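Common to both upcoming complexes is chain A, partnered first by chain B, then by chain C.
And then the complex of A and B:
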């Protein structure tokens, strides 16, 4: 382990450059070289970088000799777990799509493997790939762009109204070794379309999980929302303790588009979820509802950045966190209002519950405003369950545990109840309830 | 042609008149910073050995530190070897009478409502008695010493009360704290020391208002206030004289120790020269201010009105170590033209049932950038800690920026921490309403801003509040229309 993480990753890339780039266009492959160099230059963000000050990524990267599989592996099914039903479905194992063929619906909707979409030169994939995530200066995104081999892809053409949500199911798992992977998702929504997407990140819950190595996912997602499109995303991450998810999600929204994201993190490992939204067209609306529930030694860092680049846009974020046991939760939000982005309406909220003496909450909601005719505000609270409410319930014959559970249920329900369809909402509630019972 | 030369001459002369104070002082001590300079400063102040050692240790540490760059500020590179670190108080008067003073300067004083004697003192006119702090203090020295209160300059304190100074100096802001604290510890020129003994309520407001002005280009002051058990003091710091100086570094350190049941109120009205309309010149105000509530039921309150300085970078903080101690921070920060400010507070809750309250009002106009940055930290053992923060920003004009960077770090489950922030502009309706009633738009803006800042201004001692209110109107001049 004498070499630095950056050097090891660079060596890994150089040694496998042919396998990584196999089948991709010359243009895309030539970019990879630039990205690995950009990553090498920037390095793994360390704690001096304020945005990453709370998540010790270097230690995470350094803690193990992470292997990387350049080919798909077979993972066992979720142990006895039923997934929400869905007609349109993509399954991704360790960053590789299980189906190589793309599904093409009659109305023009295309979904399936990102690799196939890029290699078959599907226009919507080729033209949008790496347009939103590029130039963000995030070294983990550059690392992903260098190693990206596959992932999921969805294209909803102009004016199409998708009747049912598309389910993208990500599963992560390792064998005997510790493994890292670089999955990627590209979602392209044409002008005036309406669509719902559900994303699940789950660990491999099969037999003998405890004996297995850890999994580290550097996962990047790009979402392009066309003019007047209405998009609704619901996301759940639910891992076993040996999985670590580093997610960077980028959204670009055009004029009068609407994008709503629900994200719930119930995982047992380390999660770092970064959401960046660029509002590039007037009257675009962005909503983000986040929730993390953590106990034991779990940790979750949520970063939300909304860039108001043009006038008359609206953004709303609400991130709720519960930390129990020895868990640590953090929220870093930033609303940026560019000069002349007048009539911006932005609101950001961070609400947190601390349930145990060893748990920690850090929250940093920030505003950066360069225009004067705007309405921007944010709020943050850290507190505990309301003792009076619990007392009230106990007076009425409800046990203390049940009273606590009810109150937590109310706290998390704000986020879960907004998610994109009822069946998914029920599924999410059941999972959240199970998690609440453990913390 | 001759006229032109005349004008040129006038202009150059004018610049000479205001900007070259430091030139006179170059004779006193050479430019630059090294161990010799630190020793020289210490020798000039006739300090004991331990003080010199302290300075040298601080200097050695400072050398190892890089200039911090995390603030939301655009700071031109500062050449630390091009600064004169010790400027002796001016002995030669700058003007002989008020007639020679720039009329614009006088007009500003008029608006500020500063009485004539003070006005002459502030303009650097040779008036005795009021001009420097010594005479002011001697007026009350009897009253104060009867009560056992020590209020003197830091050099006097080092000489007369070495035990007190040794015990408390650097106990709240150690020289290892940050870049500017280390620099200050190495080269501080003077400052004030204040000790209120057990159970004494200081009968009057103590102020550093005059002394800073008399010290001329006093760039590195150090203030140390100790309130012993059950004591009370209200302390004022005023830098309300517009100085016509080049870019100048002002890196002061203020330390406050509040013992059991004691209370300290520290109020600042800061109006260093902010630079001209094009952002040329002005003071870099990089100050470390921190107080510690050592004992139970101690209270510390910071109130600041910041309207001056080209760049303001400071976070008056409270360490709430004693149980049931209370920290408060009230701030109005106004930036205009090309001014920049990154200011706020830190509330560190360590004791049980500690409470803190933060009210910050930012006002940005012109092309200025105004940031609030505040930390609320609740330590593991701070049972029942409570904090409420409110940060409002007001934008005047579409080329300025207002930013809010709060940091909430909670490690105790019984803590309740709340933060709220809003950003808004003066509404057309409000202005229209005032215009209808015969107020000019400029007056209307001043009125609205005054109302907006009232919550903070109310916390200032009376005479300061009036001055601060006027200062806000003066600083806003030219922002409308």
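And then the complex of A and C:
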């Protein structure tokens, strides 16, 4: 008998429960059992699940015999990949932080391995861990929480203004085998602090490209934004075609906090990116700018949920997609406004460009509003490059390809040009330009 | 500079241009007038190379080259400029970026090196003055949120930047108030030189008060039915086209 994916993962967990829990507190470990059961009960999300209806995860999980390593594996050296420069930096390979020691700055900022943080940092790490992630409704999150062994951690104390961004660099690689792994990030921002974080998800760009196996990353991120804190995150996923990234990002924002996220997916594989934000304190503001650029048979599914739980918050999401070749993109948006969340100001837009007849884009923005005095709007557009604009540019002497490129650049520019710092913008723009040239 | 011989063209199998002959020499200004729907914009589009229009007969030589064999961008690089009747908005593409690529393509054609950023910005400032273009506009996206008048000024600004051999200005005067008309028209006049030429397509005599044409042509149902000097424009203004059309039929 073939075991189901769920059964295989459950068996894997049971067989390795000691090694998974090694070094963690009894309390944390005792919860893993609940998580793996929650996962097993809900199963891999399939098309019946409204939030995942547009992406077929079961097929992905079923497509291979995914191996899982419980210890860090050495990844090959980066092959000429330049990274944006950064003073503060965390490197995570297949979910394991490359440094076990935490970095502690004079101003109280702590960053580094999540595993170490959960052992040493009770107030900042342990008290916040798994308070924002949805381990009940989201089975992949529960699965991640059961298997979590390490990841990245950032803590910015109350009132601290972090002078430079912290870069979290995730690499996923498999060697010759097909590997599944779990990545985890916990970002804790104290009241009134100001901070920027850059996150990069990249593949194993080393040698032996052809005989590499596939990598499936189940990555969960929790972000706790304290009262009046101002946080800016920029994220890029850019990996080769053998990588599949399932990302679940959870943000919880307190009163008068501000959180802005820029996320760009250029990866050649498939990506499922889910962003959930809970606005739990009044006058909190949440901004999300998303972009994916895909060609060939690449795929990206973006899910955005914003929960307005209290009055007077503001949320804004602009997600842009470009699909050419036989690529597929989808957007599932949901803005929830609770009954007493009066004076909510919510805006959600999905804008898309289809560059070829074989490409597909699906969009499903939704509003669910229980308060009566709110300002909410949402919408979706799917269009093509503007032939008139291309003609206009060509009439000025600009070649057809260049005109196309300029127009695509114009379409994506507002997402990539406002990310958290200039050098990162330049780096991201260069990557996006490179991708545009291929689609 | 430009030699059009027996040019015919179709749109959606309908013949719109029915045998155009026109010769333009360096240093000349030609005005093309005529009632709505007579084919003026079509002629401009065919010369620019718009692929919607199918040339069925005829020949066009531009600076000794067979224009109809050239792509849209090749024509532009060789110095043919079309001032659009309805300039297109290009969201997200900044004027500076757009113009920089365009200017450098033209320079490449002329065998010149690309401009440095400082030289380019200086050029933008200088040429902007010709049409009193608000410098804020050049930092915005191409034509996005520009008023009707600003769009037309922007066309002439681009003409100044690209320094074409032949500029075809399609109803650059329409929708302009008196001040904007004066600015646009004097801009065009300033750009006129003995080694370039201009074709102005217009409805009204008022533009020709500023830009004095050497020849005035009347286009009607896809043919030039009459050519004359600038006095013709005055007569058309006073008496309309009927007398000419009657005479033609």
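Basically, the second predicted complex is superposed on the first by the 433 of 439 C-alpha atoms of A that agree within 3 Å, B and C clash if a C-alpha of one lies under 4 Å from a C-alpha of the other, contacts with A are read in each partner's own complex, and residues count from 1 in each chain.
Keep in mind that, in the parts below, contacts are C-beta pairs under 8 Å (C-beta built on N, C-alpha and C of every residue); 3 or more make two chains touch, one makes a residue touch a chain.
All values derive from a computational prediction rather than experimental measurement.
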Task: With the two complexes overlaid on their shared chain, look at chain A and say whether chain B and chain C clash or fit.
output: fit
Task: Classify the contacts of A:371 with the two partner chains as first (chain B alone), second (chain C alone), both, or neither.
output: first
Task: In the overlay, answer first, second, both or neither for which of chain B and chain C A:380 touches.
output: first
Task: Answer with first, second, both or neither: which of chain B and chain C does A:355 touch in the superposed model?
output: first
- prompt: Which holds for A:411: it touches chain B only (first), chain C only (second), both, or neither?
  reply: second
Field: Contact breadth on chain A, by residue count: chain C or chain B
entry: B
Task: Please indicate which partner A:395 is in contact with in the superposed arrangement: first for chain B, second for chain C, both, or neither.
output: second
- prompt: Once superposed, minimum distance in angstrom between C-alpha atoms of chain B and those of chain C?
  reply: 16
Of chain A, residues touching chain B in the complex: 50, 339-340, 342, 352, 354-357, 359-384
Query: In their complex, what parts of chain C are in touch with chain A?
result: 48-51, 71-73, 76-77, 81-82, 84, 87-93, 97-99, 101-102, 105-106, 109, 141-142, 158, 162
- prompt: In their shared complex, at which residues does chain B touch chain A?
  reply: 70, 72, 378, 380, 393, 395-425
Residues of chain A touching chain C in the complex: 386, 388-389, 391-400, 402, 406-407, 409-414
